[in-house]
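The following blocks contain the structures, represented as structure tokens.
The following pair of complexes shares a single chain, subunit A, combined with subunit B in the former and subunit C in the latter.
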Partner chain A sequence: MIDPYYLQQLAIGLSLGMTYALMAIGFTLIFGVLNVVNFAHGEVYTLGAFAGLVLISATAPPIFAVIFIALAIGAMAGFSLERIAFKPFRRFTDEASLKSRAMRESTLLSSLAVSIVVREALEIVFGSQMRSVPFEYLINTPVRIGPVILVTGDFIIFGVAAVMLIGLQYLLTRTRIGLSIRAVSNNPLGAKYVGIDTDRTIIMTFVVGSMMGAAAGILTGLYYGAIFPAMGFVPGIKAFVAMVMGGLSSIPGAVICALILGISESMATTFVSSGWSDMVAYGFLILTLIFFPNGLFGARRERV
Partner chain B sequence: MNVSDLSAPPRGRGLLIPLLLALLVFVGLPAMLAGFDRGYFYQIANLALIFILLSASMHLVTGVAGLLHLGHAAFYGVGAYTAALLSTKFGLGFTVTLPLSGVVAALIAFLVALPTMRLVSIYFAVATLAIGQMLYLVMLNWVEFTKGPNGIIVTKGLELFGFSLSGRLATYYTVATVVALCVLAIGRLSHSYYGNALRSIREDDQCADAMGVSTARLKMEAFTMSAFFAGVAGSLWAHMTGYISPGDFKFSESILILAMVVVGGLGSLPGAVIGALLLILLPEGLRAFGDFRNIMVGLVMFLSILLLPKGLLGEVSALQLARRQLGAAWRNTVKGEGIGWR
Partner chain C sequence: MTALKTASLAALMTAALAGTALTTGTALAADTVKIGYQLPLTGETAQYGQDFRKAAEIALTEFNASGKPFKAEIVFEDSRSDAKEGTNIARKFVDDKEIVGVLGDFTSGVSMASAQVYKDAGMPQLSQTASHPDYTKISKYQFRNIATQAQEGPYNAKWMLSKGYKNIAVIAEQTDWGQSVVSGFSDGVKANGGTVVFSEFFNRGLKDYRSLISKLERAKPDAIYTGFFYEDGAQFLRQVQQLGIKTPVYSTSAAYSPKLIELAGEAAEGVHLTSNFLPTDPAPHIQHFVTEWKAASNGAVPGQFPAQAYDAVRIMLAAVEKAYPNPTREKVRDALAQTKDFAGVTGKTSFSADREAEKELVKVEVKGGAFVPVAD
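Moving on to the complex of A and B:
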């Protein structure tokens, strides 16, 4: 019989992996459409968490209002991020410059710069210390299932993430905007020729991806009860690792790898101190880059 | 090939700017520092010098070889920790630890580079980020070896073969000399045939490969050398401040160094120096208005990418400057010899 402790770690790993998956989807969507890495994605996560925190401390809303406001702030953050850090560098809209190297590197650096500015601005406004979430909003009421003790947060994170994943799948495969996102990520120039508004599609991609990131931020914030300006950095890297492992532009791949990452990380804390657990993600990243340069699921060439 | 064949300017003129710079660094600045005589100014000057060395070493790998390096501060940290541990555990002095910390940083970079140098563009950037973070985690969590977040107090100051150089002015001169020598070496490396080979990798690695340039080896060499200089900077930092902790070598420091190179102009050594000066001195100057150091870094970086994509002193103008200054030593398409210094 499996030790209940491991089952418990498995459940924690799954909910951790789900938040990574939400983040990784944002990375993957944006990479699919623009072929660039959005280094400011971790700050969207932080912004989502802070939006929820501000709302909680101002009024006493129900938890779904908190998640809703985080989503709204995430959408706004995604929109302005695209306008500030990506649009100015897309001076020409032909395919060559849409996916060119100069564009890739300048947006990489500009999103990095924007992420620094956002993080430092948050630090000036809220201070760099951890802010704790009021007790009644913490989602860690224990729930006992047989020998395993879980907390409500595990279920809420899993539920919200699952709903968002299904929603994303619906959006991508059943709606016009999803169709145009897939078209642009497949072939930007071709999409332009058939009359798709590439600019609008790119913005929509940022909005959708950032909403997912912001949801991950507020859920993690409520789960651990600590919100601070630098909180987006580590999950950002983890989500990035998941994306690379999944093969850069495959959403199912990214989700599966995010879950693998979350589970192996929570399992690793059984054997080593929690300070070293970040090592797992970096180790995975290096091993993937060396041995599976296409990612674990990249060979299928599945795009968005 | 005879030098007189070239219509190059006379040699004397070529030395004017380097001489003026040397005068400024070794006579003008120390005189000013001694005039004000405040420890704070000495500290700023030394800090600026160390970051000039860091940004120059990053220029070699990111600017010239075109590899986006996101873990440079970790190698700086490896150098600093090597110096600190050698001097606290074995009582070695600065004369020994300075080269050793460079060598250790270079060795680690070489080992790391062996598997990762096949990677290109964003994959390389992410791999260096992961490596930098791994080294940072080791510094932070291997408490028995590195003392973890408490940091290490380095009691030995700067010295040269037993002569103490721990006075304010002596410290400044030591740091300035080491930095000047290293920057000179980096300058010769990046403005030579060798530098041109690195530039060819940056422009088109497949083409360079096809032309017979060994790209993997050159990338590895550039990466290792840049880590060597970063290690030297780390050793200077450890002995200069007397206290190091993992916080000095975290990701945001890597980004700060990257911002210096980007703001100054990718591929231009004078640009890297100017960028380092700007990003160290500007936040210090604005300290009176509150702690805006990091937000300034972000803003300056963003504005310079947006408004000055080539940087403050771009590569082309830097190369023209170098060519004018080095006059006769520069060879310009002489019977199949290519362009650069011999």
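Moving on to the complex of A and C:
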């Protein structure tokens, strides 16, 4: 018989991993297509959470309306983000520029700039204090399963993450837009030559990825009951680690690695001081980079 | 990732520098005395710094409106709770010959780093919140307007032991301050015959405390003593409730903020802590501050930290007034050291020979969604 304590830690780790996975899905999708890290993903997450909170405080809407507005704001944020931080760097369409790493990597800084501006703007508008979510909207009513205690939010987040993952796999393999996303991700220049509208595909990827980011933000906000401008930073780092571990562009890989990360963190708390549990994520990142430069699931180098 | 973090910090810094050299006060008056205030106005602890500035502005406006022979001016600088930034600000303040005294910083770590500069330059420094025992030991120029954990820890230890809790678990944030919480309290528990069965640190801003709580409960403590601020506190309390744990939770005055109850809701019920400021106290000067604060912050009730900042500014201004005319840094320091029974909103404050604020602590329990003073 296993000590119930470890079962509880395992359950906590899984639910922690789920919140990382939620964020990692959208993050990895965008990386898969553009091959650059979108540093503003954490802020899209925060924007989604604030959009939901503003709606909740204004009108007391049903929960699905909250999710819907978060998705809508996410879509808008993704569109504008692409327009401001990514599109200007694609204005040269000659072959040299399209292949240039420098052109692509300059979006690292432009997305970072957008993320700083958004975060500071949120701080000016809403203040940097943590804002509470009205209690009736929280998704953390305890649920007891045998010796283990979870909360309702764990199941909701699990469900949403599963739907996102399956929906995305369907979108990518069965629909035209998914096929064009994969084509652009494989070879942007080639996709352009065969007549795929690469601009439109990239915009769509941002919209879909950011909707997922925003949904992750509002769900995590309702789950932990606190929404504040800097909330996207830590999950952003964890999602980044999960993405690198998963092989940079494999979405299922990122999800599995997010779960591994969550479980390792909660298990590590048993053996080392909680103050060191962040070391787990960074330790994994370093080990992956040294021993599996292609990530744990990236050996085949398939994209998206 | 580290390089990226550095890059983002560098970018933040430029953004911050551009917007923070703010000054308030009347520069037109014939005679103006300048005071520096270093505090986090941006970054993760910005909410505290913003509150301090608001409290300082209330105190400053009152002072300048009260017909004193000179006008005071406060120069606010944003330290982002970063020790390096704090030291830079300290050098800047020291170089400004007109500044005769400095308030801040927020955290013990930054206050202590800056204190090294003030020590060499002979600049009096009064922090509203730095409660690490070593802070005032740096030099004769460091003062504080907060009870230290060396005072509060043993006080709380006796309180908990008198309630019959013998085996106590201690957790605190991983900072200079958090370490002083654990050591101050643990010494008090041991000296009075109790046992600390578990002690651990966590990182500020941790979201999920459930692993830590499960681990802590394995030690089967009678009660939990915590060193956290309200954001971490609210998450912790909520997750204690989620896991169905009924062990009583005690905390320090640092968690004393209306935001704790707002964020934690009914999970905050029954939490015991100490404080030296009660916004419900009917004394006129306290009610005056509460009214002014509410007017400046959409009706929100002030917590203990803004009250300490308000008092710190007033203590500093009183010292400057005593050193007037021709106040120098040395004269202001001596005047500060002589502060006796200053009637502030956080009780009467005197500085002891080692520049510690001697404060009375009040025992408080959260009952029915409010902080209620209790006898034991």
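What we mean here is this: the second predicted complex is superposed on the first by the 293 of 304 C-alpha atoms of A that agree within 3 Å, B and C clash if a C-alpha of one lies under 4 Å from a C-alpha of the other, contacts with A are read in each partner's own complex, and residues count from 1 in each chain.
Basically, contacts are C-beta pairs under 8 Å (C-beta built on N, C-alpha and C of every residue); 3 or more make two chains touch, one makes a residue touch a chain.
Here the structure is a predicted model, which means the values were calculated and not measured.
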Fit or clash between subunit C and subunit B when superposed on subunit A: clash
First, second, both or neither for A:P88, with subunit B first and subunit C second: first
First, second, both or neither for A:S106, with subunit B first and subunit C second: first
Touching partner for A:F240 - first (subunit B), second (subunit C), both, neither: both
Partner chain(s) touched by A:S273 [first = subunit B, second = subunit C, both, neither]: both
Partner chain in contact with A:G190 - subunit B first, subunit C second, else both or neither: neither
Partner chain in contact with A:I290 - subunit B first, subunit C second, else both or neither: first
Touched partner set for A:Y5, first subunit B, second subunit C, both or neither: second
Subunit B versus subunit C as contact partner of A:G167, first or second or both or neither: neither
Subunit B versus subunit C as contact partner of A:I116, first or second or both or neither: both
Stretch in clash, subunit B with subunit C, out of 91-99, 253-261, 307-315 or 325-333: 253-261
Shared subunit A surface residues [contacts with subunit B and with subunit C]: 108-109, 112-113, 115-116, 120, 123, 237, 240, 273, 275, 278, 282, 285
Of all residues in subunit A, those that touch subunit B in their complex: 37, 85, 88-89, 101, 104-106, 108-110, 112-117, 119-121, 123-124, 233, 237, 240-241, 244, 273, 275-276, 278-279, 282-283, 285-286, 289-290, 293
Touch list for subunit A against partner subunit C, complex: 5, 8-9, 12-13, 16, 39, 108-109, 112-113, 115-116, 120, 123, 127-130, 132, 135, 140, 142, 144, 149, 151, 224-226, 228, 230, 234, 237, 240, 265-266, 269-270, 273-275, 277-278, 282, 285
Contact footprint of subunit A on subunit C as seen in their complex: 1, 4, 7-8, 11-12, 15, 42, 44, 46-47, 50, 174, 200-203, 205-208, 210-212, 214-215, 218, 231, 234-235, 238, 242-244, 259, 262-263, 265-266
Subunit A-touching residues of subunit B, taken from the complex the two chains share: 68, 115-116, 119, 121-123, 125-127, 129-131, 133-134, 137, 140-141, 251-252, 255, 258-259, 262, 290, 292, 294-295, 297-299, 301-302, 305-306, 309
